[in-house]
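Structures given as structure tokens follow.
Look at the two complexes coming up: chain A is in both, with chain B in one and chain C in the other.
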Partner chain A sequence: MPRPAGSAAGRLARKLWRIATANITIEAGIVLFLLVVAVAVFAPLIATHDPLDQDLFERLGTPSTEHWLGTDSFGRDIFSRIVFGARISLVIGLSAVLTAMVVGSFLGVLSGYLGGWVDQLVGQATNILLAFPSLILGLMVVAFLGPSMINLIAAIALATVPQFVRVARAPTVALRDRDYIQACRALGFSPLRTMLRHVLPNIWPEILVMATLWLATAIRVEASLAFIGLGVKPPTPTWGGMIREGFENILTSLWLAIFPSLAILVVVFALNLIGDGLRDALDPRLRKDE
Partner chain B sequence: MPGDPVLSVQGLSVQFRIGGAWRAATRGIDFDLAPNETLALVGESGCGKSITCASILGLLGGEGARVEGSIRYRGREIVGMPESELEKIRGKEIAMIFQEPMTALNPVMPVGEQIAEAISVHLGCSRAEAKTRALGFMERVRIPAAPERYRDYPHQFSGGMRQRIVIAMAMACQPRILLADEPTTALDVTIQAQILAELRDLCANLEMSMVFITHSLGVVAAIADRVAVMYAGEIVEIAPVAELFAAPRHPYTQALLQAIPRVDRETVTLRAIPGQVPAIAEFGSGCRFAPRCPRASEACQAVPPELAARGGPEGHRVACLAPAPVRERAS
Partner chain C sequence: MARYAILKLIYSVPTLLAVLTLVFVLTRVIPGDPALMILGDQASPQAIAALHVQLGLDRPVWMQYLHFLANVAHGDFGKSLVTGQSVVDLAASVLPSTLELTIASLVVGTVIGVPLGAWAAIHRNSMPDALVRAGSLLGLSLPAFVFGILLLIVFSVQLGWFPVISPTGRVSALENLRALALPALTLGILMAAYIARVTRSSMLQILGEDFIRTARAKGVPWRMVIRRHALRNAIIPVVTVVGLYLGVLIGNSVLTEMVFNRPGLGKLIVGALTQRDYPVLQGLMVLYTLLIIIANLLTDLAYGIFNPTVRLR
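Here is the complex of A and B:
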């Protein structure tokens, strides 16, 4: 049997690597997603033009060697705007989902482990939030707080939190009566220690799968909000905003809406590949124990 | 018994809310535990052994459970103690070993860290110190190549080895009292004997008292100083081990001993006890064994008999209105 050695960080890295290479679906998804991340990180190097540079003589230009994906109604380079738009989508999506993951998982574990009135309270609040589709909820929050990067993140996080509460609570309830969790109490561990050190490490695979799937949704919601004019304010390039602009000229310049839509499609597809692959890889019934 | 008892249980009654009514799962449990003493709680499933243990750690309570009576650990009352105080006693002063070694360990945490965690929580020492101590206890419970196995996960160990790790976890803070809830039931007989010997040595070396729960009288004989026989939530007889095996006085104890096959006697027909343990809702007000007892009289149905010497030596008490007469022991 292999004997894992080294630091805790090293072991975690090894474990993540094993999961990341568990099947071809995850690998394909990760490669695709990392490609998008690389585009966002190195946007200034990849973009062929300044995404804000207007050239009123080149309005609504068709794809050419100068403007690979054409230009929009202000004569801005679509390719460069998509490249920079990746930053907005990823930053908002990742921040929102990370926030929701941390808050939601903690609340879910708390509610499942403690039960009683805590569970009632968290459960009711979760149900209320779940009653709204995430887009509608995000819409309400942004309409109320006004569109800004932070508010968008908050809105999407709020819409996603209940998903993590649910996915963390169910396995916690199942774990609560296991001997080794009961033993934590008998050993004099505080509820907080038991939850963080013993419950959470047992349920994080489920949470991870949820996070990748909801990252796709978060990016879609961000684009949808931008589409209806509640995204990050123009002229900052966002994919949703670009689709909207393209939509206004859809009868004459179809590519304006098509290319940013394709960008969203690629990201969502990559994340769903990862999520599906993870679900297979982490399913205990399919997991091969070493 | 020399010295003040480390644990003194008086009139312990645990009640559960079942279908809207409070039902007493145990009634009037009384016993003392002396320093360095091993007391066995024997009885069939559901007689209240584990509940008694759980209430000693203050694990019961909250919705649906009610604990009455008194449990004093070195003079401090456990019943009603706030959770934050209990956390300091659990694991450090009073530790528990669970029955099932396969499920008592966290599957995603290296075993060494699980032992070290209890140490660092209660003794507040550094990680390195906790690790050294944990390794010391892994060696103490005879886990071969302990340093190499420190990072291994529970599934890489056999059942007997896992139970040793569970024992090391419980022992790690050198508690005064060890509550062992059927620690050998899930193991095969040879491993069982090894673990019992291990527990006996550790208790002696670390000056620990132990409450040992089992339903095997053979195990009782191997490990205990005194034994309390429980039936339907009550202690029916409590006596030093030799005394109880030589001269049982309660009809239930007698019936239990008659139901065990013995290799040192001519084969006789083993006798079963007629009837069944009553359900918790069917307990009468009198002696709970009366419906199955060959010596039951009208009086037995009326009031519960108290645990008392009833003509025998002070250390041998029995809760029966018609106990077997005290036999002169041939010595």
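Here is the complex of A and C:
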């Protein structure tokens, strides 16, 4: 069988690059998102102040040359807190979605490939979880387990898992009876090998689209939980938590709530751009090549 | 139709049972003794033991579980640890305002979203399409509380058109409507972003169908084709999506009620969270599950109304 030159990793990288540059929507989204990632990674270099430093003489200060976006009710620098807040949002969002993606895709492929009682069981559990909006499910879990970083990740991952199960299962069922998968079975490949080497490579584009869209949702849910008061404990800066604090001073200091709101909007919008563009690029009905 | 509804209802029993089990398990794994929580750190061991007996905590777990299910079946969720009021009464007192908000948002979302989506589809790849697509993507990116706060800042704080805090107690219908406007717009506009997208793609698909070409070929006016032939068919998947979105709406109402300081289930659950009022939390979770099951059931029924082919089955 003729194969394109280069290692498997090289092929994957080339394929990813082709997808990432498929249309302007994806490119714009990726640039915007990478910018936020850069801010999070280099937070200590970018922030002008320590995000926890309180300047008691500078409470609720308006934006100035010293404090670019003003200060909050504890006299902390808003700009620096937003910069550091990016870390929490991204770490929680990415960990939750990665966990959900790995667990969900595995369960989805497994139940689609094996069928039978495994499929029944996974399907029932998925349906039950799907009945819940992610915010309510997250709220329930964090309410009982307490708001720590790990619990937040677990709660958001739990709410996201069924989405990946669903998106991985359907194409697996369609692939199961294809000749080349039958051939794998005839050759005596283990189910695990067949699933990983022959099923997964054919369904991951869909999973990727799902991951970007649900990363957007995960970041939104994390911010919402923080706004409700179920985020990572203060004084750690989180965007949702900052909006909560800003909301308490909304009549006097509008910018407190507005700047972190814009930060959330930028990240989620960037991710939605990527997801939207990916969907267009990967939709077989719209695809030109291949 | 009735048989269909009953069948759906039977299917939701396992879901409800699973949630009840989850709620029960969650309340057992929380660190800390509920009796200690009710009585405080200073309570004597005797008092704690007595409360254990009273709460049934001295019995085996499976008996506690059955007891819990029996209580739920009787509509008994216990009393609030904070106010001593029955959980059912508490929830019933605020349920109408949450339902009012949900329904108003649903109306706003559909009335704005469906025409926008159809408009975008008809003018595919031109200005209206680009505007609707960009606008809806922006709407999808805004968390409900962020959008609510922005609306609050502009229309209540700056312009003073609407009250900053929703009035409580008995108010005139007009006052009520004024207080409902911004929360309903918050949720409705965000929902419209979603509905417009779904309507657009559904409409695009239908417009490519043969029967649309046939209708045009036999000389049906374009407007009529859109309204009678295209929109009517395009609306079917939208109904499902609206139904699925009801869950999101119920979730988002928690945030909106907080932002606009509006009484409702959301405010109740957040209050219970901060005060660690476990019976109220338990009861509300079951209530949310019930609401979502009912929403799904209504969606299925609405689907039957809009899609005659389902009715025959």
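By our rule, the second predicted complex is superposed on the first by the 285 of 290 C-alpha atoms of A that agree within 3 Å, B and C clash if a C-alpha of one lies under 4 Å from a C-alpha of the other, contacts with A are read in each partner's own complex, and residues count from 1 in each chain.
Definition applied: a contact is a pair of C-beta atoms (placed from the backbone, for glycine too) under 8 Å apart; a residue touches a chain by one contact, two chains touch by 3 or more.
Because the structure is a prediction, the values reported are computed rather than measured.
Look at A:251: by the touch rule set out above, it reaches chain C but stays clear of chain B. In the superposition on chain A, A:74 contacts neither chain B nor chain C. In the superposed model, A:264 makes contact with chain C only, not with chain B.
Of the two partner chains placed around the shared chain by superposition, chain C is the only one that A:131 touches, whereas chain B remains out of contact.
Look at A:106: by the touch rule set out above, it reaches neither chain B nor chain C. Of the two partner chains, chain C is the only one that A:273 touches; chain B does not reach it. If you count the residues of chain A touched by chain B and by chain C, you find the higher number for C. The interface of chain A with chain B does not overlap its interface with chain C at any residue. Against chain A, in their complex, chain B makes its touches with residues 57, 59, 63, 86-92, 95-96, 98, 100, 103-109, 117-118, 121-122, 148, 151-152, 155-156, 166, 169-170. Those residues of chain A that touch chain C in the shared complex are 124, 127-128, 131-136, 139-141, 143-145, 216, 220, 223-224, 227-230, 243, 247, 250-251, 254, 257-258, 261, 264-265, 268-269, 272-273, 276. Residues 1, 3-5, 116, 178-180, 182-183, 185-190, 193, 197-198, 201-202, 289 of chain A are the ones touching chain B in the complex.
Residues of chain C that touch chain A in their complex: 14-15, 18-19, 23, 26-27, 29-30, 137-138, 140-146, 149-150, 152-153, 157, 164, 247-248, 250-252, 254-255, 258-259, 269-270, 273-274, 281, 285, 288-289, 292-293, 296.
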